[in-house]
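Below, chain A partners chain B and then partners chain C, in two separate complexes.
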Partner chain A sequence: MACAMCSTRAPDGKAAMSELLNIDDLHLEFHTYDGVVKVLAGVNLQMRRGDVLGLVGETGCGKSMTALSVPRLIPMPPGRITAGRVTFNGEDILSKRESEMEAFRARHVGMIFQDPVTNLNPLFTIREQLVDAVLYQQAQGKKVPGRWRGFSPSVRQLRKEAHERAVELMRLTGIPDGDKRIYDYPHQFSGGMRQRVLIAMALAGDPDLLIADEPTTALDVTIQAQILRLIRSLVAQLGLTVLLITHNLGVVARSCERVAVMYAGRVVEESPVRELFRNPKHPYTRGLIAAVPQKDVHRGGLEGIPGIIPNLINPPAGCRFNPRCEHVMDICRESVPPAIDVGAGHRASCFLYPEDA
Partner chain B sequence: MNHLLDVRNLAKYFPVRGGLLNRKTADFRAVDGVSFALQEGKTLGLVGESGSGKTTIGKCILRLMEPSAGQILYDGGDITHLKQRDLRRLRSEIQMIYQAPAASLNGRMTVGQIIGEPLWIHESLKGDAARARVLELMHVVGLKDEHYYRYPHEFSGGQQQRIGIARALAVQPRLIVLDEPTSALDVSVQAQILNLLQDLQDQFDLTYLFISHDLGVVRYMCDEVALLYLGKIVEVAATEVIFESPKHPYTQALISAIPEPDPDLQREEIIIRGDLSHSFPQRGCPFAPRCHADKLATCETVPPPLLEVESAHQVACHLHPPVPGLEPA
Partner chain C sequence: MNIRFYILRRIALVIPTLIGLSILTFSIARIVPGDPVGLAAGPRATEEIKEAFRREFGLDQPLPIQYINYMTGLFRGDWGESLYTRRAVINDLRVYWPATLELTTAAVVIATVLGVPAGVISAMYRNRLPDHVARVLSLFFVSFPSFWLAMIFQTWFARDLGLFPIGKRLPVLVSPPAPTTGLFLIDSLVQLDLETFLISLRHLFIPALVLSFGAFASITRITRASMVEALEKDFVRMERAIGIPYRVIIFKYVLRNALIATITVISLNFGWLMAGAILIETIFDWPGLGLYAVEASLSLDFQPIMGIAILYGVVFSVVNILTDIVYGILDPRIRYG
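Entry: the complex of A and B
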């Protein structure tokens, strides 16, 4: 069987450069008993086809929320988008009806998550779960012919093709003996293999965008290296666009072309990956890089960032990093710094840099 | 140099039960003959992937778990079979700091009670004297006076870990077993805690057994590193030696897999196949099924012993036999 993905996703030059995703000034709030949590406060993010963008930040900075707003998987209520636009392939996502969203998710966005255990149903074999995913994606969010209707010849044929596709996906994601292991249950797979199954499931609909939310955080380093290599090879093979969410700067340095650094609900810096590590501009990014134990840092040489992340019910006015920043100025406490172009496709939201540079 | 802690052939087996009568059918060898020594005032890193037995070793040293075989010598005395009464005195010498700061603190006790409890148990200290000591300990780890009456859930992860550290310090231990103390924390907070641990080590002359899976953190914290694979030590050496010239194929793969935050770093990436599995036949080298090096016939049949291949550098690999010329005279 010809791989459907390879044929549809031949990266021809023009389409490869076009803009795929545009998140513009997105504001997201959560209404809780303690008050309104301003989770996202003006997130801007652009991705072109074929991009591998790393979204980095610490716990609670809003990186997962930004990503979940693309397939619109944020529970509303308690969540509420108060301002901003999300466009995917030129289509406005936020104004779509829920029924349209189902078709959209099936066709355009694949997601993998941190914990490969809780995302697979322990009561069903991998075959049942993968075949369902393939059928759902083929039906583009409409009703899937159920297992119990497998007596009708057309449905049987459909399920047979879906089974072949599932085995093909397992081969693509590097699961050995996919044709036999497809009959196994999730507990018979190791953590790394389960993550591969989830990647296979996410690829079932031949998506334009793969959102990987901390895909290697629960895995050991040797397995992490395997999964990152798999994602890189999928990007090369299928021309996939990947949004990789992680808190690990090392993972970004290894896998991404561009990086966006988030802090307390805003993107504070965005840059090609080399430029960011060689020439970090925002004080938060500098602090983050200095906090990672690196090769030539010896005893006592590590610097943490003083203080803790702000409470987003009452975030600090102006730049949200100002209470922890060593370069804080008066203006930082009053207004929000705009994203300033500092050259080489590198933008930083900080008043340290003159606006017309 | 005298060794504060000397672990010899430590083993911990868990019974595997099965069959109709649920009888013991096999041993699960979580720790399988591990020996190492720790000098006073130094930090030894125990590194390995999940399931390699690092936490089990830590618990055996504190006698929170009974070792199945082997000997643990602390300050020259055998503590492997200490009675319950003597264990209490031992525990004021050896303390532990845990991975999940929230789970290791009692949510119904205030910070003052948490840090004060060991003072009451070990030194019968209470009232104003205890309070003064607790406040002093809180200052040492960077907590403020007003935190005394707060509960653990009111703190961030990093602050909770500081409470755990203060509690461990309360009894003035000489050895602290740190079980993944920063793996639940964000990097900026991790850096704060690592620096605090180093300051405390200098200030109180502490000895650390540092258990971690994060090689970057281990490189920063430790004087010496022991790598574990499936309950066995595969390589031990000084930190610089391990990171500059690793010998064991597993160590090499692990070091090449560290995600360094440096996109320009040119290095050979060794990706090993498969994953850690206890279900291999217990013959030969435990790493053999995943090994990327050119294997010898003996790799599959004879378990490699841990041998000194250079001075103070021990490796358990058939590919690295001890070279007589390299041995110190």
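Entry: the complex of A and C
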């Protein structure tokens, strides 16, 4: 039991390095009273087993919506996927029925969110929530016998094992005295500890993919560092595949191997982390990196990218960055730039680069 | 804070509440214009007869003394007697109160058993057909006067279909079970008298159902509203994201969050129904406290009025304490202190 986490799950009939997640030309709209918001306009994203991919971009660029499309948790309505495919392990997610999705989420995906205070249910003990996470993720959509059936020895055994697994998960995520603290309620934990509990819940079923949506944004700086260290050590220990969403380039630099930059509903550049910082190609990425405050530059204020994020009800035609771009050309206002190879594993969607490079 | 200590303290706090209530009722019952003695002694009573009446009931003494006499009697179990019937109030309450308690409790149970699931379904299928049905039903039930619905139900189910008796707690020829609690359902069960149990259940059903409609509507609406609110919480998305089935999320995790508001409304309804049962009791010839209270008030029969006020005060306090205890069971963040 204790070592179930340590072994990487055998990939389902595929080679270990095969493609795990493929988001292909995903278009998402939100219908609001003001009009149709084109939130995602052709997102492309690929992840392989073992990848740690950072997804960066500013508020409202569609990072979270891209992530939520994998467990299919985008509220619909008002959301509507108008084009594109999401495949996971070769399975088409968008065509699944909701009941199949419940099993899918239990089996393949773990997710942690921004605010550890509101993401735990305040009325239930950690034990109740964590044991349920273990039981339902192990059941993978099948029925779980309720606690009221505790008179049956097999049920009691099942719940006892789930309890042991829950304590083990607490140890794994660095919560001291898990065997005692499991009986506590969420409000008896600090913010950092609650985020650890949430990570434990997400990992309960040994998921293929962990999606972390700004997991450190609501925490204070020292706790942020601890949580990132925890995620990194879990990646090393368990061989997790992680999609890490953040607006903080520093977090990406420290925690990820690859990074995808999003702007206004599209992925504009994708590259290994070092390459991106050393050699950013897309004008938006360059602006973003230039905007990171440097500790050795004390003259002048903070750099910024001129202009504001476009209104996604009436987005600019062509490249959505064109109104803010210093290299803007006529073609940028007419058509959407395709993703072009600009280096080893490095792709940028910009007309500045010749397509055959 | 220890919960036992908290309950003891809450019970202790009931005493000042009841003293305040008794002073208020006592004053109102005495201050209202009208001469209870004149009413009780009859139109042709001489001044001497009225004077004798006053002396007998202690009405010749100053008000504060009267109050103190009443209160000391209360603690000895002497709740005074009616000016008219000369029966002891405490005995009347013993006879009428269980009928009202049985009717109100049954109504609250029906309203809760139907209203909470209706609210949950409403919230699950928000703005879809089941939601519309539940909302129209609850609007229907609050909008129609209960006495009208009572008569319609009486006509349909009792007269036309003959499914249920038209009124009363039991038929004239059936003798009530020996009174342990005075609640026929419980008394007959205690004596394993299934036949009487079923008969009194049939008598209880329609009055309790009609009485429950208003409460059903408010319980449905508050459950729906708080379920909708709880469903928007972040933890619902988190629980879905990690693969907890939606029905488990609804019935286990979200429902408990929504029940806190619902419990409040249920306990308030219990009070309202007790006070409001009078119309239903009249229509169904239900020998409850409502009719007794109205007769006492109309004839300024102050001893029964006092008795009823004190009894209701105690019941309200008990319901409130129970509600607070249930809060604490539902929400661990509530600390007693």
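Points worth noting:
Here is the rule we go by: the second predicted complex is superposed on the first by the 345 of 357 C-alpha atoms of A that agree within 3 Å, B and C clash if a C-alpha of one lies under 4 Å from a C-alpha of the other, contacts with A are read in each partner's own complex, and residues count from 1 in each chain.
In this section, a contact is a pair of C-beta atoms (placed from the backbone, for glycine too) under 8 Å apart; a residue touches a chain by one contact, two chains touch by 3 or more.
It should be emphasised that the depicted structure is a prediction, and the values quoted were computed from it without experimental measurement.
After alignment on the shared chain A, the placement of chain B and chain C results in a side-by-side fit free of clashes. In the superposed pair of complexes, A:G345 makes contact with neither chain B nor chain C. When the two complexes are overlaid on their common chain A, residue A:E102 makes contact with chain C while staying clear of chain B. When the shared chain is aligned, no partner comes close enough to touch A:P78: not chain B, not chain C. Once chain A of one complex is fitted onto chain A of the other, the partner contacts of A:G191 are limited to chain B, with no touch recorded for chain C. In the superposed model, A:G250 lies in contact with chain B only, and not with chain C. Put simply, if you stand at the Cα centre of chain A and look at the Cα centres of chain B and chain C, the angle between them is 80 degrees to the nearest 10. In the superposition on chain A, A:G35 contacts neither chain B nor chain C.
Shortest separation of chain B and chain C in the overlay equals 7 Å (C-alpha atoms, whole Å).
Considering their complex, residues 71, 73, 98, 102-107, 109-113, 115, 118-125, 132-133, 136-137, 140-141, 185, 187, 198, 201-202, 204-205, 211 of chain A touch chain C. Listing the residues of chain C that touch chain A in their complex gives 233-235, 237-246, 248, 252-253, 256-257, 330-333.
For chain B in complex with chain A, the residues that touch the partner chain are 49-50, 156, 158-159, 186-192, 194-195, 198, 213, 215-217, 219-220, 243, 253-254, 256-265, 269, 271-272, 275-277. Of all the residues in chain A, the ones that touch chain B in their complex are 58-59, 190-193, 220-226, 228-229, 247-254, 273-274, 277-278, 287-295, 297-300, 302-306, 308.
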